[in-house]
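There are two complexes below, and they share chain A, which is joined by chain B in the first and by chain C in the second.
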Partner chain A sequence: MQPSLQQGAVTGGWTGPIIDADVHVNLPSVDVLLPHLGGQWIEWIGETGFTVPGSLQTKYPAGSSITCAPEWRPADGRMPASDLSMLREDVLDPLGVEFAIANCYWGLDSLRNPDFTLALARAINDWLIEGWLDRDERLRASLIVPSHNPADAAAEIDRVGGHPGFVQVFLPLWSPIPYGNRTWWAMWEAIVRNDLVAGIHYGGSSEGPTSTTGWATWFIEEYAGAIAMSWQQLTSILGEGLFQRFPTLRVSLLEGGFSWLGPFLWRLDKEWKGLRREIPWVDRLPSQIFREHLRFSIQPIGAGPPEGFARVVDWLGSDELLMFASDYPHGHEQSVATVLDVLPETARPKLMSENARAHYRLGDG
Partner chain B sequence: MARHVVGRVSDLPEGGRLLIELQGHSVGIFRVRGRYYALLNRCPHMGAQLCRGSILGHLEAAGPGEFRYDESRSLVRCPWHGWEYDLATGQSYFDSRVRPYPVDVLHGGDVQTQVDAGEAGFADAADRAEKATGLPAARLAPGPYVAQTYPITVADDYLVVTLPGQSARTAAPAR
Partner chain C sequence: MSATTARESTGSKPAVSEFIIDTDTHNFPTPADVIPFMPQKWGSYLERFGLRTVGEFGIPRARLMAARGDAWSPAGRPPGNDPEFFLEQLVDKYDIDATILNNSAMYFTGMMGGNQPFALTAAFMAAANDWAAAEWLPVDERYFSSISVAVEDPKATVAEIERWGGHDRFVHLGLPFTTRNPLGTPKYWPMFEAAEHFDLPVSMHPGNAPNPLTGSGWPSFYFEDHTCRPAPVVAQIASLISERIFERFPNLKFVVQEGGWSWVRPYLWHLDSVWRQLRDEEPYEFERPPSEYIDEHFWFTSQPMEEPEKRGQFQESLEIFGHPERIMFASDYPHWDFDPPDKALPTSLSKELREAILGRTAAQLYPTLPQPADA
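Up next, the complex of A and B:
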């Protein structure tokens, strides 16, 4: 595909400033981590034949067009989005992005060895710094944490959270315990202490099946059914009082869509009025709290007919919630033009750069 | 303004409530921790009989688990959808509000003076009223009808509820 066509398809013809709130970088293989691992773990990898955590294939089947859009799949068979030059050629340069926030999901949640998982998380973060953040000033990234142990997660956030390239902590959407639970407070404290955003992103695994009622059979259940998990995590974070415990907390919901938000907030507001006594720390309408603390990357857009979609966007109740994302190299049917078309002119710069700039506190220009 | 003598103070024991129709409106009168309250018996949400709900203390929290429970502030919780209204102000935790009415405790002599001057009247026997004691709503049972004309005795104290609108219509009973 022509680069110009590609650029137009991704950005909807927008010519103003762009901040891409969700691009992916993939490990070409575990080999790139070896320089960042202790000898014990290099030996362990060799002895066990470890290649990749299991969640990666479940959450992103390697051959799926969602995992990689055809135009972004390297013809030479290399892993998509696994090299800085690919990211530059496919996104950073043609889109002319001011900043792009890189997310690396490798499926560490499916590992059970806590020490190996922590070692891998540290290695990935060091690889992100060395191979990406320190090599392109347009890049920012989410740091990776082991997602089964809040204390280890907190320690890793404190270890690398001060690097100026890290603006966010990657939290897989599925987790062993809902994120609002007090079990996680040590991790949330570290996120806030380091002034980072908590980026809840599609992926991860629970201690049990994919859905709260059993195993999913197909990828479509994993990917489209993730909406239910978004609702579960958001109600947990709200109900457990994280926004009162940590008033400065900023949260992003990434690659989870947003077209469901309006009715979700209606329902929460409605139920809160009668059930607020359970959670008296939630002292305002949930919709107000979420609109202050929560932002969304736009892909997958999930728009229906234009007139219906315009209404859905209006129901968000704010033009400060959405952040443009290419979601590179993931493939999605609808471009940001679908959103731009239903936004008033004043809201378009917010979508394309200003909301992410404010949320991630990225410098001006 | 219309002032309605709704009963003797001794008719409404601690924790009790009285539902009575005044000027065509159902009104709930409460005695909670020695204070008297009156609210329109209609939830602004969907019209439920609000004053049949549970009486609860004020509950808020600075953060998760950091409860601040204040028994001195009382709320009634609508039996239909659980919305809570402050008995003193009628205010809910959000933008919904129900009308509160002033309740005065007057000595018998003062009541008689006001009744004689046409400034207060009795809720008469035709006004349906229910009395209940005890805070739990489940114990609110129909009847007996207590609000009716009765002789004012100087030694007693009376509950007088003030509603906006027409002046009291019932003539003073013979002593």
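Up next, the complex of A and C:
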């Protein structure tokens, strides 16, 4: 079965305001970065024949429908979602979105040379500003940071984080060490200092195997297994006390699903009751903290039969957690209608725009 | 208490008491306990070089040995090390009909190895089984044991399964949640073939290969480790499905212990959905969606019991889980988060479901265990 993404299916027939919390923009090739790179890096790219970091193909295999839905794959062979006109024609115009938050994942996490990685991150951010943010006022974006050096990440956040188009920092789900670890705190301070959201998004790589039980082999293992990495990253940022250290911190979990949240919160609360003496700074139930600070983009939806799925959505315990996302151009099996159908009427506008508007502070100033 | 009185106490059980099988308890062999059962070469090696793999003990447990503070025996032996005190504190106290001793040798990275010769691990696991057979099973007929194996060493693993697979009181293979590679990996197939041959369920229980505890390196706190115990099971399920393990070994049974169960159905919905979309990755035809294989081949144990937020959500989570009779009671004695059988289960359960969870399902899954009186 191929994903069903006909016109209208993406929004589930919803006709009210829409904010798309996760659309993707792709680099057509490294060439678009050259105008934003210093001479030594242009020379380096020429000498090494560098084209793209390895993680991109690992996390988004070029030919998979996860990477691009058939309906959104350009017939002329161009890279999907690599041009503003494509994004406008496929998503912004037909869906009538008020705002869309653009995420650009290129796999920088798999590059080891710290200077080259920083130069590329800076170039991508400049390309996002020049090629996208400054050309369509509906667009907002996540800025990119290098994954191996928190000080460089903090510096890059300070460099471009004040641009009004950047509302979030893109943090790949897999990281060298869990994101709550104190190694990262300089980066978190910069995120908070610039009043940005931390967007933990599927992708990335670590210093070791993809899971605690070793390397995944099939792509489906890695994509479906991302749920486990989401649990571990969220537990890390909660357990290390980031929400007490940074009370204004806002976090999004993007392209990680949400149907597992209720049981995960139950387990967190139970473990906190038994083990909180180890993490005394966590001064409230984890479920309360997450419901206050954490939001989810809805794709992949991962729904089961409607009656059961309705209960699982009810277990979220709040109608303020979910944010509509087309996840353009990534393909998914289920439409947002699957979620709309199980929500009470009052929760639908929240899902489709209000939760993202509040979380990202869009259009209120 | 002597072994003789223990046996008599089983026979004099009051007729009104409930039939209880405790599917997850832990006996614990110290290196000094197993050395007498090892070949002299490896016993001597162990004495001189010790256990060198650090593993999860870089993260201090919330309690020494993750145990109840009262689980050290009057003789000063560590938790799970004194079979008489174990009877007194658990089996007799709660009038348990049978308990599966999941040998702790398989759940300490230090014992499973990583920084030690493969042959030492194989000798250690074989000795741990001999220790259980000699020091525990004869003490009381309500004791049953897991089989410990050097899981990363296929030949040694198969040899050890063949040594105990026909023994009525070694009732399942005791694997740690994390192995060095996901369990669908071909090097584990001979182990599954042997387990299937002896009709031994494969138990998966928290325990660590020497990989970092997350897919993104080491966490800092036991809270993280303990909360995310189900995480490797997510990866193991995806791997077993992707490598078609249940088509290769159609009678293989898995028991997930200490991993919870309320997250399983939402995960399987997600896995089914992704599988429907990604069938083009797998150039063969699955017979059925992943969830059907898991529904057929997996059992789950109760401890730590799920505790939803609101009244009614426990019942809802049982319904969504889909086959609550596949849950089996476990106390996890002697660990700090012990669930006693008289308090672990919500009172809202039906009589039939309570009986199934407390003992009947386990009696069916493990036919050599004691059976309920009306079976």
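As a working rule, the second predicted complex is superposed on the first by the 356 of 365 C-alpha atoms of A that agree within 3 Å, B and C clash if a C-alpha of one lies under 4 Å from a C-alpha of the other, contacts with A are read in each partner's own complex, and residues count from 1 in each chain.
Just so we're on the same page, a contact is a pair of C-beta atoms (placed from the backbone, for glycine too) under 8 Å apart; a residue touches a chain by one contact, two chains touch by 3 or more.
Owing to the predicted nature of the structure, the values given are computational and were not obtained by experimental measurement.
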item: Which of chain B and chain C A:244 touches, first, second, both or neither; value: first
item: Touching partner for A:66 - first (chain B), second (chain C), both, neither; value: second
item: Which superposed partner A:57 touches (first chain B, second chain C, both, neither); value: neither
item: First, second, both or neither for A:315, with chain B first and chain C second; value: second
item: Comparing the two partners chain B and chain C, which touches a greater set of residues in chain A; value: C
item: Partner chain(s) touched by A:194 [first = chain B, second = chain C, both, neither]; value: neither
item: Partner chain(s) touched by A:280 [first = chain B, second = chain C, both, neither]; value: first
item: Chain B versus chain C as contact partner of A:300, first or second or both or neither; value: second
item: On chain A, the residue positions that both chain B and chain C contact, one per complex; value: 182, 240, 274-277
item: Footprint of chain A on chain C - complex, ascending; value: 62, 177-185, 208-209, 211-224, 226-228, 230-232, 234-236, 238-239, 242-243, 260, 262-263, 265-282, 304, 306-309, 313, 316-317, 319-320, 336-337
item: Partner chain B, residues of chain A touching it in the complex; value: 182, 240-242, 244-245, 273-277, 280-281, 283, 285
item: Interface residues, chain B side, partner chain A - complex; value: 56, 59-67, 77, 81-84, 92-94, 96
item: In the complex with chain C, residue positions of chain A that touch it; value: 1-3, 64-66, 173-182, 204, 206-221, 223-225, 227-229, 231-233, 235-236, 239-240, 257, 259-260, 262-272, 274-279, 287, 300-304, 308-309, 311-312, 315, 317, 331-334
